[in-house]
Amino acid sequence: MDLAWLDFQGYGPRLIEGGWLTLRVAVLSMVIALLLGMFTASAKLSSSALLKGVATFYTTVIRGVPDLVLMMLLFYGGQIGVNMLTDYLYDATGGRIDWFIDIDAFTAGVITIGFIFGAYMAETFRGAFMAVDAGQMEAARAYGMSPLKAFQRVRFPLMMRHALPGLGNNWMVLLKTTALVSIIGLTDMVRVADEATKATHQPFLFLLPVALGYLAIASLSELLFQWLTRRYSVGFTEAND
Amino acid sequence: MAQATRLRFIPTLAASLVVLVATLPNAALASGEQVRIAIDVPYEPFVYRTPSGQLEGFEIDLGNELCKRAQLDCSWVEQGWDGIIPGLLSRKYDAILSSMAITAERKQQVLFSDPYYNTPSVWIALRGTQVDLDDKASLKGKTVGVQRGTIRDVYITEYYGDVMQVRRYGSSQEVANDLKAGRLDFAFEDYPIAHDAFDFQSSDAPFEQFGPDISTPTSIFGEGAAIAFRPRDEALAEKFNQALEEVNADGTFKALMERYFDYDLSVNAED
Amino acid sequence: MEQLNQAIIDLLSGNEIFTANTLDIYWEGLVNTVHLVFVSLLIGILLAVPLAILRGSRFAIIKWPIWCYTYVFRATPLLIQLYLAYYGFAFVPGVRDTWIWFFVEEPIYPALFAFTLNTAAYTTEIFHGAIKSTPRGEVEAARAYGMSRALTIRRIVLPSAFRRALPAYGNEVIFMLHASAIASVVTIMDLTGAAYYVYARFYAPFTAFIFVALLYMVLSFGIQAIFRGLERWLLAHLRPAG
């Protein structure tokens, strides 16, 4: 069998590298989004008006502005903001703290996507937290568990069952959003395919395999989420749903 | 036990974040020894990427040669044209060696080295297209492609923005592609770029230059392409000027130029 | 009022970014964005309604192709769909002599093509879900009244499904507005394209991008308010009494 076409006119290895970068961006920003979402959901449910206000402001702004615009704002404007901070530190410490923090395309992409999806995750988690029967938490506390332990052992596993469908959905959207990092200059698989298309004038040869790559990742994640859903539903029968 | 793994979820998440962030490329603090040079890719034949990802081209060779002479440890940073000056000012890199024309407007932002080449801009259209650039009425409704944020963008916007439809692209390669595909009536390009993309001087090429070479007004087109630095990095600019003088004097520049061009684009070329 | 006007004039006179010229570009961007989003949503919904009905068909030969279409368009990035629409046909030899060329020549058409197919895929799934959750009793009652299948769909299933789909569709409209920002990569001067232009010209990322971010935010909240109003009006019968 002739496998020469796998070379993709010399772009093959870089397409694979690009795919690996896409995956890394997606997983890293998902981790940031999960953590941010958890914090924000807790803040929204807390009794502090300040925390609630900040969390609501964050989720409202994110849902009003396109991902691409936020990304460009952070990538192009973020560096200037960070520089102002490090310059201030430099002046304030008489030159003892001399930092330069580079917001490169990778960092900007991961942080922006994590930041955007943190807002969506917050809504998912908030709903899931509220779906957990308050009696369960009271029982845990009555057993003498600390609030942290009660969260880990009782609230978290119980709410995951409610959160999983939303998480799965957000992950799928996030995965596709990673394609935007190609516009701010990261060489993910979309960027490599775009570059190859413009150089060789063969759009289908490069764009279709990349589309298939996304389909494959999406289908695999769907299986993973089905497995997770089964796991976190242990002890609940269908009739209870 | 399933439960034991479950409750470690959050610490694991946090730990993996720490590990992953620590491995972010380039997130580390930069040291002062090296010089990072920004370039807009592709701008063939000045710079282009081979299928395997290697950077090649006249400016890559020239830049590497200059760094060697000035004994600097240089690295290349790929940066889209739109953000190339803000990136320099916000210290993402230390110099721009990317066919940037010296204009009064840019001089307010950056410090330029001596120019290292100077070429005019040219109009390109399908062979046989009848155009009269002075007759603005005949240009009405035509589409022209330029690279966004370049001196050619400024020129077209100012002189033809009211009659023609201006399409602004992220790279000159896209302009060439869309003219070839037929989406544009004209392209307005840097001479070497157009020469490479359309080979317009050979008589059987499907595209040809029309109108004269354009390099005035100088207030828009500037005084040739140069390396740009942050205004306070005068010492660094001086090192590059020194190296430029050397490569010009000993013929290295000419040799490099002849590797990529069959015409003279040096600043004092007579044409 | 006088003072406010003077304050604005003072503010504007000191900058070279918000001139009449650039405001013109922003305005053009706003018009293009609204135009692009509105047209693709309109055609998208016209495609989605019949597709959603057929998606619930008993026949595999009707059901599966639609499922495949919505799955593929929802699982791949819109950016790739846009690139395929923009470059896909442009390099095919001889395409310039066919009627397809009309749709390829202006960048707005490939963009509309990609956006429409994308939003139609999402909308189909939203309507399909809403149709599926029609209470059985409503359909049975309609059949008992002697309504034909087509009449039941038209009079009973669709009106109630539309109402249930409203909140999800409102989200889709906002998603589409945000997704349309990528139109700028194929030279369309939409809002993001205008910001890009001002940025490349004046090297002022904050001014350029924050300004359009605010414009997008106003548009998003406007859409949200419209859908809230629609929900209040159309779902009034579902509100708890008192």
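The letters A, B and C name the chains in turn, as written, and every chain counts its residues from 1.
By our rule, a residue touches a chain if its C-beta (ideal position, glycine included) is under 8 Å from a C-beta of that chain, and two chains touch if they have at least 3 such contacts.
What you are looking at is a predicted structure, and each value in this text was computed from that prediction instead of being measured.
A.B. asks: Could you tell me which chain lies farthest from subunit A when each chain's centre is the average position of its Cα atoms?
C.D. replies: Of all the other chains, the one whose centre lies farthest from subunit A is B.
A.B. asks: Which pair wins on C-beta contacts, A-B or A-C?
C.D. replies: A-C
A.B. asks: Using the average of all C-alpha atoms in each chain as its centre, how far is it in Å between subunit B and subunit C?
C.D. replies: The mean C-alpha positions of subunit B and subunit C differ by 35 Å.
A.B. asks: Let me have the rounded angstrom distance from the C-alpha centre of subunit A over to the C-alpha centre of subunit B, please.
C.D. replies: 33
A.B. asks: State, to the nearest whole Å, the distance from the C-alpha centre of subunit A to the C-alpha centre of subunit C.
C.D. replies: 23
A.B. asks: Check each residue of subunit B and list the ones that touch at least two other chains.
C.D. replies: Residue numbers touching two or more other chains: 83, 86, 174, 177.
A.B. asks: Indicate the residues of subunit A shared as contacts by at least two other chains.
C.D. replies: 76, 80, 198, 201
A.B. asks: Hey, what residues on subunit C touch two or more of the other chains?
C.D. replies: Residue numbers touching two or more other chains: 91, 185, 196, 199, 205.
A.B. asks: Once bound in the complex, which stretches of subunit B touch subunit C?
C.D. replies: 81-83, 85-86, 89, 109, 145, 148-149, 153-154, 167-170, 174, 177-178, 181-183
A.B. asks: Which subunit A residues qualify as touching subunit B in the complex?
C.D. replies: 9-11, 13-14, 27-28, 31-32, 34-35, 38, 75-76, 79-80, 83, 99-104, 106-107, 110, 152-153, 156-157, 185, 187, 195-196, 198-199, 201, 231, 234
A.B. asks: Please give the residue numbers of subunit B that touch subunit A in the complex, ascending.
C.D. replies: Residue positions touching the partner: 2-3, 6-7, 9-10, 13-14, 16-17, 20, 24-30, 42, 49-53, 78-80, 83, 86-87, 90-92, 171, 173-174, 177.
A.B. asks: Which subunit A residues qualify as touching subunit C in the complex?
C.D. replies: Of all residues in subunit A, those touching subunit C are 61, 63-70, 72-73, 76-77, 80, 172, 176-180, 182-183, 190, 193-194, 197-198, 201-204, 207-208, 210-211, 214-215, 218-219.
A.B. asks: Enumerate the contact residues on subunit C facing subunit A in the complex.
C.D. replies: Interface residues on the subunit C side: 72, 74-80, 83-84, 87-88, 91, 174, 177-182, 185, 192, 195-196, 199, 205-206, 209-210, 212-213, 216-217, 220-221.
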